[in-house]
Amino acid sequence: MLVLAARRIASMILIMFVISVMLFVFFEGDKLNLAMRVLGQYSTMEGRLQWLEDNGYNRSLLVRYFSWISGFLMGDWKLSAQFSAPVFDFLLPRLKNTAILGSCVFLITVCISLILGVFSGIAEASLRDRAITVASVLTTSIPDFASATFLVAIFVYWLDWLPGSSSFSNGFTWRELVLPVGALVIFNFGYYTRMTRASMAEVMSSQYVRTAVLKGLPYGRVVMRHALRNALIAPFTVMILQLNYLLSGVVVIEVFFAYDGFGKAIYDAAMFGDVYLILAGAMIAVAVAVTTQFISDIGYTYLNPRIRFA
Amino acid sequence: MVTPVLELKDVSISYYTRAGAVPAVYDFSLTVNPGEAVGIVGESGCGKSTVALAIMQYMGKNGAVTGGEIRFMGRDMRTMSEEELRKIRGSQIAMVYQEPMASLNPAMVIRDQLIEVPMIHEGIDARAAEKRAIELLDAVRLPDPQRILNSYPHQLSGGQQQRAVIAMALLSNPKLLLLDEPTTALDVTVEAGVVELIKDISKRFGTSMIYISHNLGLILETCNRICVMYSGQSVELGSVGQVFDQMRHPYTRGLFSSIPLPGADRFSHPLVPIRGQLPLPRDRPTGCTFSPRCDFFVPGRCDKPIPMLDIKGDPGHEARCVRYDEIDWAKYKPKGVETEPMEPGPVVLKVNDFKKYYEIRDNSIGALIAGTGSRYVKAAERLDFEAREAETVAIVGESGCGKSTFAKVLMGLETSTGGEVLVNGIDVGKLPVKKRPAGMISGLQIVFQNPFETLNPSHSVGAQIGRVLKKFGVAKGSEEIERKTHELLDFVKLPREFAQRKPRQLSGGQKQRIGIARAFGGNAAVVVADEPVSALDVSVQAAVTGLLTDIQRKKRTTMVFISHDLSVVRYLADRICVMYLGRIMEQGTTDQVFNPPYHPYTEALLSAVPIADTSVVKKKIVLKGELPSPMNPPSGCPFQTRCHRKIGLICETELPPVKELAPGHKIMCHLPDEELRAMEPVIAIARKEIDETVSAATPVEDAPMSQAPAQLKVKKGSVRKSLVKTPGDNAQP
Amino acid sequence: MTDIAAPSAAPVHRPSRLSKLVKSIGLLRESPIGMLGAFLVLFWVCAAIFADVLPLRDPLAQSAPDLLRPALSPAPDGGTFWLGTDDKGRDILSRLFFGSRLVLFWASFATFVAYSVGMLMGVAAGYRGGWWDEILSFIGNVFLAFPQMVLYIVILTQLRPDSPAGELLAAAGFTTVWIKGLTIVLAIMLGTAPQVMRIVRGLVLDLKSRDYIAAAEVRGESPFYIMIVELLPNARGPLIVDACLRLGYVTIAIAALGFLGLGLPPPDPDWGKMISEVRGYGAAAGNAMIWPALAISTLVLGLNLLADGLREISLRD
């Protein structure tokens, strides 16, 4: 178990390293372009060359990479060209906002999909199962920005119950959170419901559940003691991976609702060409992705005694 | 009259598919009395497992009992509520399943899975339930019950798992125990232990049993009465003696003629397969379902629905055959065509001191600290044997003994670690297949075990045979390939239209024939047959073994036959190597291996094989313990942990010497020669009075068993007492 | 012994490939859900094919007086804006129909490229094992560690048509639309191929222990032959289903990129962009926003239902 964790951590670090090199070369490989981005389109060629010289860009790429990565690891994320503020200070509140949005979506999605998935998987091919399955296919087929469109059309333009933008310009309110959370939950819960359903249905038709039934156990006990634990292993691992999606996959919804989160920050930075901001954002996104992957792997091992005591 | 524990009356069971209801079992009646063990035997698809699930009233969503009565202790279970059924399941009727690993919950320790049974059914507390669980684990002879209780299923071996399942079934002292192929997934010597346990249970607990199996030998060992099923119906019912010795249904007769009993011989007494094929439930013939395959079919009589008929003058014996009293059962014994034995030629395959080790990486912290991160598993060590042209050499052993390892090296899928594998004088042991010249590749081929995996499901049969012909340079150009493909199909006795078929349109036996055609497509000199018939039904097995013998005769191929089944090996092989944990424990001609002196392991193995013949008496040797893991073999003699003839410390410390007791007969054992030579035969054929004029060398199949009804009325047990031991039919005349 | 029959000399009838195809499509009839999906997908495919022939208004023609009209508004030339107009007075219905060409073409193209790459990587990693597997899986994991949307945004904002690579393509005669399209295909390939690879690798690991693979090895087939002829065809069932779902995801991704302004350049009617263009107009744009959202949803729904139907059928046999 520990060895497994150590291996996973080693591979995480390796992946992070490769990605940091890729990102660095991708963004800083073309020096002149970089200078143009940082200094603006109307800067002169001499100014750009001077800037490159001043900032040590005439050193070899390797040296530059190491000076960048060591600075980055120490918390020196440089200045954002767009906001002329330290990238670190800028990203922190954005991350917090996305964390609020993400955790709301995560909690609601997990609750809905586990409940619906288990209820439909228990009674495979029943009317209830079919209804839940159809509902999940339908909602997963509507992209998040499309369901956001529908929600806005209904609740903002037609009923005028909720605000159509979530920029919190007058401070944080739950009202502004409803629509972005709603759109993301609608888009996401179907997939996890079907996942849970499939896992539950498979377990319910397994031989050991048959054994449990033929032991004369009450149905409730069969489901709670024998089926659930085995059925939830697979959905658990997938849902943990969803955390990663929520940090950076919500770009479209954040842009749609003008929600000042991490995803929108990356998007704005990319559109503006704010190199250091994108670089830092991408690194954070990848770090989160790799970490959730790690948690999911370890969790799977822990939940599954066949692997744990192998 | 006592109330039967279970009474099935005219039961019909259907499965609902898209195409409509498919009757799986119909018109099925069976009675089980208290303390009785009834066997249900039949080939795959005959409906025997469906009957068991119907008794449990567990038919799933798309199955249902559509007619008849299932009475348990006099009450019709079909009228019971779900709650009443629940109270009966697990407490009154319990079940043991074919795959113990799949039937146990992988995420719960054995304790939790055991104690919940009495807790739910009897309302006792966890402590009392655990006490009971320990008693029962002890009763099923599992050592160290505490450790078992704390284990997850995957931490136990197959035999231990099945014993735990049996303990679970017995926890509430049920009146009826259903056993659905309980030993099919186990190794022979482990199976013998479980069978012994099952026999013991009915004695000790007075439990009635229904034992479902495809293996007639196991039914003979465990049951009082037997029901033979064919295509959803019972065809014959009676006591074990009645059905085994005086069968009154042509199918039962056909079944017995196709199993390799001692006495069958591929040249002088070849097995006789049942012609035709098991009909699919949808196209069963009206009337007798066996009629298309029956030698006694009479239009107008056999094509009407036939009830089970009482056999006149033989109470308790029933058969579903209108002509049972017209057939001369004494004479009706399908007999194969006798052929001359093959004369072996020069040595083709010679194996010298063959070794194959696998590296195993251990990633646990302990291993890393101890520096034992990388170990070697000796899959095969010091293999020495040879095989001649037109000879069949069998490698026999249980799982993990290394019998398939040799095949992989011979085929070039892996390379040897040491020693030589000489094929016509060329060492192929270190030559992976990609380094072998084309001629060598086509000269060394293999027939695989699993008919469902042997053919690529995506390509037609013709394309797959054609590819072999092209690859081996046997044929060029599409026309020649097609012609040769058809020739090969003729050769394995399949219709030419099969070239267009996809593998899924073929039955298991037919797929296996294509596999054989493919192996022999390039005139192979050596063909490895890796358990080619073990996944087939007995009636089909006989046809496939017959085909292999025919082809071997025509092509004078050397065959290396790998198997766990001693009965088949005895029937097919000229020479046998018995392997255990990577080593050859004994080798010799078939006669030498099947007769004393034995290696103790061979002795136990012979004793463990169930034989479906009431006249066979076996010496009972039940090995203790489980098969050790090849990853962690015992010191000294590999067999010492389970050996019933262990002499002492020497067995644990020193590898035994290989002794040549007769020319070509080698045994690796510490036992002194005198003791080895003093061994008695494990399998003996009872000589019945009527046989006395027949010499001991006459194979048993000639013994007219059914001509001695008076004697066979005697109960199984008492027959045994009057038996005179004679050497097996393979003994020298 | 059944299996024994007299060799027949009769000419053997071979079913043609075409009749097999018709038969397998006919199988879909048994799944109502699959039929509904196929109908939805077919609707958009027809819309794309026949957009020129149908009596539609010019999707690019702007009509200044008719901005953001609701559905069924009369057009100045006597016709009707069946689904209303957008912020530049263009007919939404015809923009949707012509837009389906872009979506279907680029989504299929991107999925095809991603699938081809992912499949080859997956088969190689699964079958060859060892270092092949280590290296290919590592490459896959690197790209999987990139959150997809971040990957797309980074690639599409950095590799613009005015970047050196873009100028190279332009010099080679590619139009801006193609350059942008190819960049999208590249981005989607990098994001999707590793996922495909994972699935294929898993399938291959399962299949490669089958005896028929050993049989092929034993007769000396090359690894390439085994991968392409022996392994891949047997993975096609689950792969077709997955490809259908994946095409849905790619459609969503392309529309989302359009919405973010990273899609194909204007004035081509990109469904995602059609939503973002009118979003600033508040309640007045409700009508203009809903139709493209519905269009994407129905297409993706069609693909998902089709995949479900195919899965249902493949599980039966």
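Order as written gives the chain letters A, B and C; numbering starts at 1 within each chain.
Operating definition for what follows: a contact is a pair of C-beta atoms (placed from the backbone, for glycine too) under 8 Å apart; a residue touches a chain by one contact, two chains touch by 3 or more.
Remember, predicted model here, so these are calculated numbers, not experimental data.
Q: Give me the ID of the chain with the smallest distance between its Cα centroid and the all-protein Cα centroid.
A: B
Q: Farthest chain from chain B, comparing Cα centres?
A: With centres defined by C-alpha atoms, farthest from chain B sits A.
Q: Where the CA atoms of chain A average out and where those of chain C average out, how many Å apart are those spots?
A: 23
Q: Please report how many Å separate the Cα centroid of chain A from that of chain B, as a whole number.
A: The computed centroid separation for chain A versus chain B comes out at 53 Å.
Q: For a test of understanding, state which residues of chain A touch chain B in their complex under the given definition.
A: That would be residues 2-4, 124-125, 205-208, 210-218, 221, 225-226, 229-230, 303-306, 309-310 of chain A.
Q: Could you list, by residue number, the parts of chain C that touch chain A in their complex?
A: For chain C paired with chain A, touching residues are 138, 141-142, 144-150, 153-154, 157-158, 163-164, 248, 252, 255-256, 259-261, 272, 275, 279, 282-283, 286, 289-290, 293-294, 296-297, 300-301, 303-305, 308.
Q: Given the complex with chain C, which residues does chain B contribute to the contact?
A: The touching residues are 18, 273-277, 293, 411-413, 433-434, 436, 438, 441-442, 444-446, 448-450, 453-459, 467-468, 471-472, 486, 489-490, 493-497, 499-500, 506-507, 509-510, 513, 515, 518, 539-540, 543.
Q: Under the stated contact criterion, what part of chain C meets chain B in this complex?
A: 1-10, 12-14, 30, 210-212, 214-221, 229-230, 233-234, 236, 316
Q: Which part of chain B faces chain A closely enough to touch in the complex?
A: Touch list, chain B to chain A: 56, 58, 60-61, 86-91, 94-95, 97, 99, 102-108, 112, 116-117, 120-121, 152, 154-155, 165, 168, 363-365, 368.
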